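A short write-up of the structure that comes next.
By written order: A, B, C and D. Residues from 1 in each chain.
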Amino acid sequence: MTGLEWIILLSKLLVIYLTIVHVVPIMIWVERKGAALIQDRPGPNRVGPFGLLQPVADALKFLVKEDPIPNSVNRVLYAMGPFMTLVPASLIVAVLPVGDFFEVQGKSYFMQIADINVGLLYLLSISSLGIYGILFGGWASNNKYSLMGAMRSASQIISYEIPLGLAAVGAVTVYGTFSLREMALGQEGTFLAVLPRWGVFMQPIGFLVFFISAFAETNRLPFDLPETEGELVAGFHTEYGSMKFATYFMAEYMNMATISGLMTTLYFGGWHLPYLTDATLLGWLGGQRNLLAVLQFLIFFFQSCCLPAHFRLGALDGAAFPL
Amino acid sequence: MMEAQPIYWTHYVATCLFALGLLGFLIRKNAITVLMCLELMLNAANLILVELSMRTGTPDGIIMVVFVITVAAAEVAVGLGIVLNLYRLKETVELDAFKSLQG
Amino acid sequence: MEAFLPVLVLLAISLGLCVGIFGVSTLLNPRNLPPVATKLNPYECGVKPEGGARQPFHSQFYLIAVLFLLFDVEGVFFFPWALVYRESLASGGALLLAIAVYMGLLTLGLVYIFRKDCLEIM
Amino acid sequence: MKELFFIFFSLYTIAAALGVVLAKNPVYSAFSLILSFFGLSALYVMWGATFIGMIQILVYTGAIVVLFVFVVMLLDLGSVVTDHSHSWLTVMVSAIAVWFFSLLMLRTFNHTPLVAPATPLAESNTRLISQLLFTEYLWPFEILSIFLLALIIAIYALTRPDAADKRKVHP
């Protein structure tokens, strides 16, 4: 690789990765403000205009807080737990395409960190690693509630991984490739004269399955059984404080962001706008379109937090297998 | 992928892995660790299969690896099920506790 | 393999981020606070912790994990099938038949599990 | 450059495997196993078998080791480390036996004549593998599904919920 290629690679990497990292505080703000809007209360409104700086303040607070390590924990695994979730969460970002390509000095570069020809498999396999942080963290905490929360969380995540994978198989049959870039390319144009050629319209059932599984995978409401406050104190991270807790939190939100990105890529045409084929317009709007769609999904994720719905754990795990 | 200089020592890595797995299989007493060492040995075999398959240009080895992985998963599932039952029987998974085959 | 190089770089960056977070938070943490016994105990809503945390669980969890493993392995075979599905449609339905037999047998297994109520009590 | 990566991942895999064998606590063993499978998957990818590399992570790291970790946590084997190692004599004898065995293996590998690749496998061999799997290897594939079906029944027979399990925490 030449120097220029390295520079482009690194800049792509930093831009995409930092976007995902920085989406986290924005997501938290949107979640809290949105919940406040729905529940008719002010929400965060002290720090900055509209409480916009609240996440920054939170992050600072997390950084400078005392980090008590309980006596009974297994110190090595306790310290490594949060990172075992954060690293896979950051690695998934690599295969998400955020746009078509751009040209530098006559060579075209894809707007994607790594165009792997088995991208979908890569994504599924790396995202299945996040459960180790939960399992080891819960176990190392040496707390009843942590361990139980970890087991519940893990069994829920693994149960819903299979429907997630099978829904993705549906997408693969349509496009005949594992590369997420080519999948997004395959959704260009329209079919039946009216509808955009998106995955949602090609695979409505697959999308539904994927959608439900995505909720369960990220432990959002109504699938928040691992963190039922009434039964288990807070789930697997009961014993975690300070920055370690924040790391778990960050990984969770990053997972949400990437899974929304995957949903956009598989079912909402990636960077393609409906009815528009003009290349220049696409080139400019395309990058934003994907981000917008991601944000749209995130907002949906949070709004559903306010739906008071609980399932029994058994019903949940049982429901996963027929899917 | 493969330049003019093929890397000929992957089988040394595989042999090392297999030897480690075998050693662990012999010297460990915890049934679960023994099963893990079994996995190591299977993986060493997989590595050799992939290496040979890529070096001779035949994809059969790779397909073999897919089957091996499936069977390994099955083996682990049954093996750990048996370990669970052994634990129910004697409240331990030390293999020395199961010298006699009578319950 | 060239395609995987960025992944390696990303791995390095994220590991660096982890180390950075850890380092900064250790630097900024208040130190030399007097150790309080209750703070260092396992948290059980203020009640004194009782018994060990790690107790044998119900084996139902094992069943869930093992079924996940099996269906995961089965799912692996769907991926190569899906990859060549489009191309094989032109050359007759042999592939469709193959996967139909496979799926039929798997569904049989699934029905067996449900008949036996493996996933019932939790 | 490439050789460097190869050496690094090889050594890393072997070191992690050493961890599996030597760790006293099964939880650490499982952790090392994860690391070692990562290294193996990197080696597969470097050999050009990307599909296998991904399947390795998806099935081995993502499912099989999860099962190990689950069992270790279910049976609570990690917290009380009982150090019942064999006597030194047994360990030494095993080590020597393994040493000779691996020498034998290496000798076999080094003396196996390899047919030079007429047409080396392409970088993206995933499609080729998929096609072969459903044509030439169709029967093994179908037999595998019967095997998996039998496995489901066997697993159920093995882990049938017992009424006698009293001491268990109900989740």
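As a working rule, a contact is a pair of C-beta atoms (placed from the backbone, for glycine too) under 8 Å apart; a residue touches a chain by one contact, two chains touch by 3 or more.
Quick caveat, the model's predicted, so the values are computed rather than measured.
Asks: Please identify the chain lying most centrally, where each chain is represented by the average of its Cα atoms.
Replies: C
Asks: With contacts counted as defined, which of the two, A-C or A-D, has more C-beta pairs across the interface?
Replies: Most contacts of the two pairs: A-C.
Asks: Taking each chain's centre as the mean position of its Cα atoms, how many Å separate chain A from chain B?
Replies: Chain A and chain B have C-alpha centres separated by 34 Å.
Asks: If you average the CA atoms of chain C and of chain D, how many Å lie between those two points?
Replies: Inter-chain centre distance comes to 17 Å.
Asks: Quick one: report the Å distance separating chain A from chain D, using the average Cα coordinate of each chain.
Replies: About 29 Å separates the centre of chain A from that of chain D.
Asks: Which parts of chain D, given as residue numbers and ranges, touch two or more other chains?
Replies: Those would be 2, 48, 50-51, 55, 58-59, 62-64, 66-67, 70-71, 73-75, 78-79, 123, 126, 129, 133, 144, 148, 151, 155, 159, 162, 165, 169, 171.
Asks: Got the chain A residues that touch at least 2 other chains?
Replies: Expected reply: 116-117, 121-122, 139, 142, 147, 151, 158, 161, 178, 313.
Asks: Got the chain B residues that touch at least 2 other chains?
Replies: 1, 66, 69-70, 73-74, 76-77, 80-81, 84
Asks: Edges wherever two chains touch, nodes for the chains themselves; is that graph a line, a ring, a star, complete, or other here?
Replies: Topology of touching chains reads as other, fitting no named class.
Asks: What chain pairs are in touch here?
Replies: Chain-chain contacts present: A-C, A-D, B-C, B-D, C-D.
Asks: Going by the contact rule set out above, which residues of chain D touch chain C in the complex?
Replies: 2, 45-46, 48, 50-51, 55, 58-59, 62-64, 66-67, 70-71, 73-76, 78-79, 126-127, 129-131, 133-134, 138, 141-142, 144-146, 148-149, 151-153, 155-156, 159, 161-162, 165, 167-171
Asks: What part of chain A is in contact with chain C in the complex they form?
Replies: Per the touch definition, chain A meets chain C at residues 1, 9-10, 12-13, 17, 21, 62-72, 79, 83, 86-87, 90-91, 93-94, 113-117, 121-122, 139, 141-147, 151, 155, 158-159, 161-162, 165-166, 169-170, 172-173, 176-178, 233, 238-239, 242-244, 247, 312-314, 317-318, 321-322.
Asks: Provide the residue numbers of chain D that touch chain A in the complex, in ascending order.
Replies: Checking each residue of chain D against chain A gives 27, 31, 34, 50-51, 54-55, 57-58, 61-63, 66, 69-70, 73, 78-79, 123-124, 126, 169, 171.
Asks: Chain D touches which residues of chain C in the complex?
Replies: Interface residues on chain C, with respect to chain D: 1, 4, 52, 54-63, 65-70, 72-74, 76-77, 80-81, 83-84, 88, 94-95, 98, 101-102, 105-106, 108-109, 112-113, 116, 118, 121-122.
Asks: Under the touch definition given earlier, write down the residues of chain A that touch chain D in their complex.
Replies: Within the complex, chain A contacts chain D at residues 74, 77, 116-118, 121-122, 124-126, 128-129, 131-132, 135-136, 139, 142, 147-148, 151-152, 154, 158, 161, 178, 313.
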